[in-house]
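Structures incoming, each one as structure tokens.
In the two complexes that follow, chain A is the common piece, with chain B as its partner first and chain C second.
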Partner chain A sequence: MIQYVALAAAFALSALVGGVDNAFAQAAFVGTLALAGLGLVLIVGLSGQLSLGHGAMMGLGAYAQAGLVGMGIDGLPALAAAATVGALGGLVASIPGRRLGDLGFAMSTLALALVVEEGLLRLAPLTGGAAGLVVPPLTVAGWRLASPVAQAVASLTLLGAALWLVGRLRNSRLGRAWRAGRDDEVAAAAVGIDVRHARLLAFVCGGALAGLAGGLHAHWLGFLSPEQFGLPLSFELLVLVFVGGVRSLSGALWGSIVIVSLPQAIAMLRQALPGFELGAAGLELVAFGLIVVALVIWRPGGLRPEGR
Partner chain B sequence: MFAQVVVGGVAAGCVYGLVALSFVLIYKATRSVSFMQGELLMLGAFTAVVLVEALGWPAWVAAVAAVAASFAFGLVLERAVLWRAIGQPHLTPVLLTFGLGLVIRGAVTSVPEATHRMHRLPLPWSRPLTVGPVQFAPEHLMVILATCTACAVLALFFRHSRTGLALRACSEDSGVAAMLGVSPAAMHALAWALGAALAAFAGVLLAPVTFVEPGMGMVALKAFPAAVIGGLASLPGALLGGLFIGLSEALAGRFLPDGVKDLTAYGLMLAVLLLFPRGIGEIGRRQ
Partner chain C sequence: MLGCTIRTASLLSWALIVTVADAGVPGVTRDSIRIATIQDLSGPIAILGAPIRDGIVMRLDEENARGGVHGRRLTIAVEDSGYDPKKAVLAARRLLAGDNVFAFVGNLGTPVVMATMPLIVGAGRPHLFPFSPHQATYQPLQPLKFQIFAPYRDYMDAAVRHMVRANGYQRVCLLYQDDDYGLEVGRGVESGLGRLDMTLVERTGYKRGATDFSSQIARLRAARCDLVVLATVVRETVAAMREARKVGWPVDMLVTASGYSAQTHELGGAEVEGLYGVSVLPHPYPGTDTSRRLGEWIESYRTRYDADPNVWSAMGYQVADIFVQALRAAGPGLDVAGFVAAMEGLETSRDFLGGPGYRFSPDDHLGNRRGRLARIVDGRWRLITDYLD
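Now for the complex of A and B:
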């Protein structure tokens, strides 16, 4: 109950500060980032591996969506394709890492993320390169989702569906294999679980969710450029997952609200303080960094106490 | 021409290798992945520039002072924040160092003098070395010479000093090392401090080659491919991996089409992870 009150309060605060339309637009972003964060919860929280390239998976989905919609394909099949591209990205990112335990996945996802960012910049004829790419509003079966309300509804509906699906997945045979491999790799292997295969599938499922999120995100942004999907986004998603509690599925939503509102809160705070015109961008970085460090030190289990 | 490309590549590789060395040193001793080595590199370069431009110190004194200051800074960070990462999953140090890196980069960016003007560290001597028809840039030779010296000092430290041996013992097995009288907490702090000093050293070496600016830490991303090629757990391997990356990039930039150069390092990293997950050193050991 208290959670719904908190959600309503966050929305009301956002509407009060920036107007109702802005609040719905923010809600749409919260939905897509939470969707991508949910994919990262699968990888980090459930299967216990580190991914440093989740932002790039989102980028793959976003550019796939923009390309397909640009070719005149309807929004829904394009979204399915974006999710597939994200899943393929997860597969490719995890294959080189699987033989080297421990840091292997972190390194291979990092390498793929850097390759994807450079690749998006270099393939200028397809992606617009550094100049960027304009994305039209999402159109589903002839129905244009141009207003912030429609975007927020679409975003949060898909998030709800994904939360339900991942909840089922967590308690399935595969989900139990992930958790067993995370808690004790040797014991899991001893009872016949193919831990490597399960981890590969975690990256595929996580990548699919990131691709889907990226596809929607592309429409909400309306404009894509490669540096939006670089390493900073991957780290923001890791912070998002950490804030919500790495093993908590609904934590992705809470973390997403924090990640979307924190930079705006910092910017507002700075404007309220007089005499901080010089080097303002730098001070915002300092504030964000300090908050990340403080959260990791004082709330190692995330903002909510021991999420389910 | 070819010789100049090779020397330039080796010089760049030395910087990659030094950052990779700092990364592997920290990873082996603390099991932590540090994502702030680039920021420490940038901070070291800025410290040297400030000492030279504002206080008028000679460049080499400023360089030594900047490395020493970075060592102390690493020690302070470890005592204040990073010790909490001991025994935690990888995500904890990754986020801690990411946050600290943001703080460092943001703090430097918010100093107007740092962003409004291009800075460069002057070299003590600036005559190019001429061998027959080819000229070698003095800053490249300086980087290579300084890296060789630093490696010799590090090798002596790790092989013959009690502290260096204790640090290595602690990296291999902290439990056994503790029973033999080594303090794991002190070694944890020492590893972070040495890592910070090495990153600053790389930054000081880079300062006469490229402009000193808040974004120069991006060069540290090349340290990950270097460390992976060296097998992630070997100090000499990290350095050789850096040289390999630097040379490959220089040759790719010279002989391959535009744009391939920027992908070389990460492409090599993926290939090595796929084919030789324990590093290129594996090739020799396989027979």
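Now for the complex of A and C:
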């Protein structure tokens, strides 16, 4: 409970110092990254696989969304399509898992991420290539979600729905299969669980969530370029879930708050420090790194380590 | 139809400006003007962001030392995006609402600029001289968007024509980075050659980050090129020249302004001697042939930052200088509409940094389209032409 009170206080302080728009824009980004993070929790935390290319699934969703709304399709069905494209990406990413060991499979997801980034660059007639793509605000049934408040509401609503859905999934037959395969693959197979199939479905579900997050992210940023969905984003998502708690669904939310809002808090603090108003190269990055290291040492299981 | 859309957009923008002005001018008080810049101080192009910031801050401080513009001190909020558009969007929102700045000057990086520009312009604030070659920074015409950095296509067209006319090249080829930058340069080169009834003899690309250019150089050599245009950045420029010299091919090469950097001859040494380059602003070298004013500026920069200035410092200084000139022209009763009107009538003269004069009008918010040629001689860039049309 005290964590949520602290969070509300931090939000109020952020709105006071950086403006209400900034606070809600942060909430919107927290929601989208938490959605993608939730997909990764499902893959890494629940089913016990390592994905080094989750950012690419987000990219597929983002570009699918941009392309569809560019064709005049309403935002909501476009988001469904973005999630589907992300799921297909997850399906493709999981295929090498049938033949490769853990590390080899992780490397194949990394390779897929590189292929996706390169593909987005090369398919310039569709993606705009390196010149990028301007994305209009999200419009749902004629309602234009251009304000940060509307964006935050949309992000957090979809995140809430996804948390509920994944919570149900975790306790379903499939969720039990994921956890059994994660804890002991041989024992799970011995009791009749098709571990490979279950793991493939984890990638599909995780990819769908990343695709959905990418679709929203495209609108909140308003501009897409392939390098935004390169390896740094995939590693940022991994940091997000490990900081938040890789086996906890709400860990995705807490990790996302750290990834999005901590640098903002450091930037605001820096502005208030005499002598640092004009920025110091790398200061914010170093401060962020130190805090994340401290968090990992202090809470090795993540901020929300509970979960089964 | 397009004209009608532009006029409507223009009217809407002006309505927004008037609304903002009526509500009090953001960032402007009786004794100060607050502006902002979003730089990359910790990401992949931090090597550019820090000197740009330093150049901007230096020019503002100079103006403050003289009493400010119409009695108002200039203050600046600097934000580090790390080249991440998400961070940049949040920084822009904070600067618009929390800092309530008057204008954004010299934001760095295309993804950052493209993600933040709609927010800035949508909030009725001027978006000035971003470090991005994207056409959207000045087109379609919008009252609040101004740019000074010449597009690759325009100045490479003129540079190639001049090189061919002056040196009589017959077989011009292109080595290009396989992305939008390379394509833009390619279009400029083809356009320039087309105006001389010539075509590109050979073109070959490379992927960003490549370090080995042996196959590309072999291909260009096999095509018997006598001028190779390089759409490369610093490291690739050096690698391409080095490979050509290694295989004993003394071909002339011309690099875009992205390769016009002191780092090119510092890294390349003797192997990049004779390289031609396009400059949109000269590198500020100290030395005997430096003008007194430029020498003083270099010394002042060194004293202030304990580092030598480079072309990025000079560009930062220049964007701040143009902003200051527009503020002066806008007069003491500063508001956004007045500032935009002053910008649209601004014509700057050439200064001690050696940049071109910049000219803006109500129909054209791109202040310069020209570059000039330079060549590496005795380990430093020497300007060999004036600005080319």
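To be clear about the criterion, the second predicted complex is superposed on the first by the 267 of 308 C-alpha atoms of A that agree within 3 Å, B and C clash if a C-alpha of one lies under 4 Å from a C-alpha of the other, contacts with A are read in each partner's own complex, and residues count from 1 in each chain.
Just so it is clear, a contact is a pair of C-beta atoms (placed from the backbone, for glycine too) under 8 Å apart; a residue touches a chain by one contact, two chains touch by 3 or more.
Being a predicted model, the structure only gives us computed values, none of them experimental.
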Partner chain(s) touched by A:F29 [first = chain B, second = chain C, both, neither]: second
Contacts of A:Q228 with chain B and chain C, given as first, second, both or neither: second
Partner chain(s) touched by A:L103 [first = chain B, second = chain C, both, neither]: first
Touching partner for A:L163 - first (chain B), second (chain C), both, neither: neither
First (chain B), second (chain C), both or neither touched by A:G129: second
Partner chain(s) touched by A:L285 [first = chain B, second = chain C, both, neither]: both
Contacts of A:V140 with chain B and chain C, given as first, second, both or neither: neither
Chain B versus chain C as contact partner of A:G19, first or second or both or neither: second
Contacts of A:P148 with chain B and chain C, given as first, second, both or neither: second
Contact residues of chain A, present in both the chain B and the chain C interface: 278-285
Contact footprint of chain C on chain A as seen in their complex: 17-22, 25-26, 29, 121, 124, 129-132, 134, 148, 220-223, 225, 227-228, 260, 263-264, 267-268, 271, 277-285
Chain C residues within the chain A interface of the complex: 39, 41-42, 46, 49-50, 53, 57, 76-80, 82, 85-87, 89-91, 93-94, 96-98, 110-111, 114-115, 118, 134, 136, 179-181
Complex interface listing, chain A residues touching chain B: 44, 48, 50, 52, 95-97, 99-100, 102-104, 106-108, 110-112, 114-115, 118-119, 122, 231, 235, 238-239, 242, 246, 278-293, 296-297, 300
Interface residues, chain B side, partner chain A - complex: 27, 33, 35, 81, 84, 88-92, 94-96, 98-112, 115, 214, 221, 224-225, 228, 232, 259, 262-263, 266-267, 269-270, 273-274, 277-278
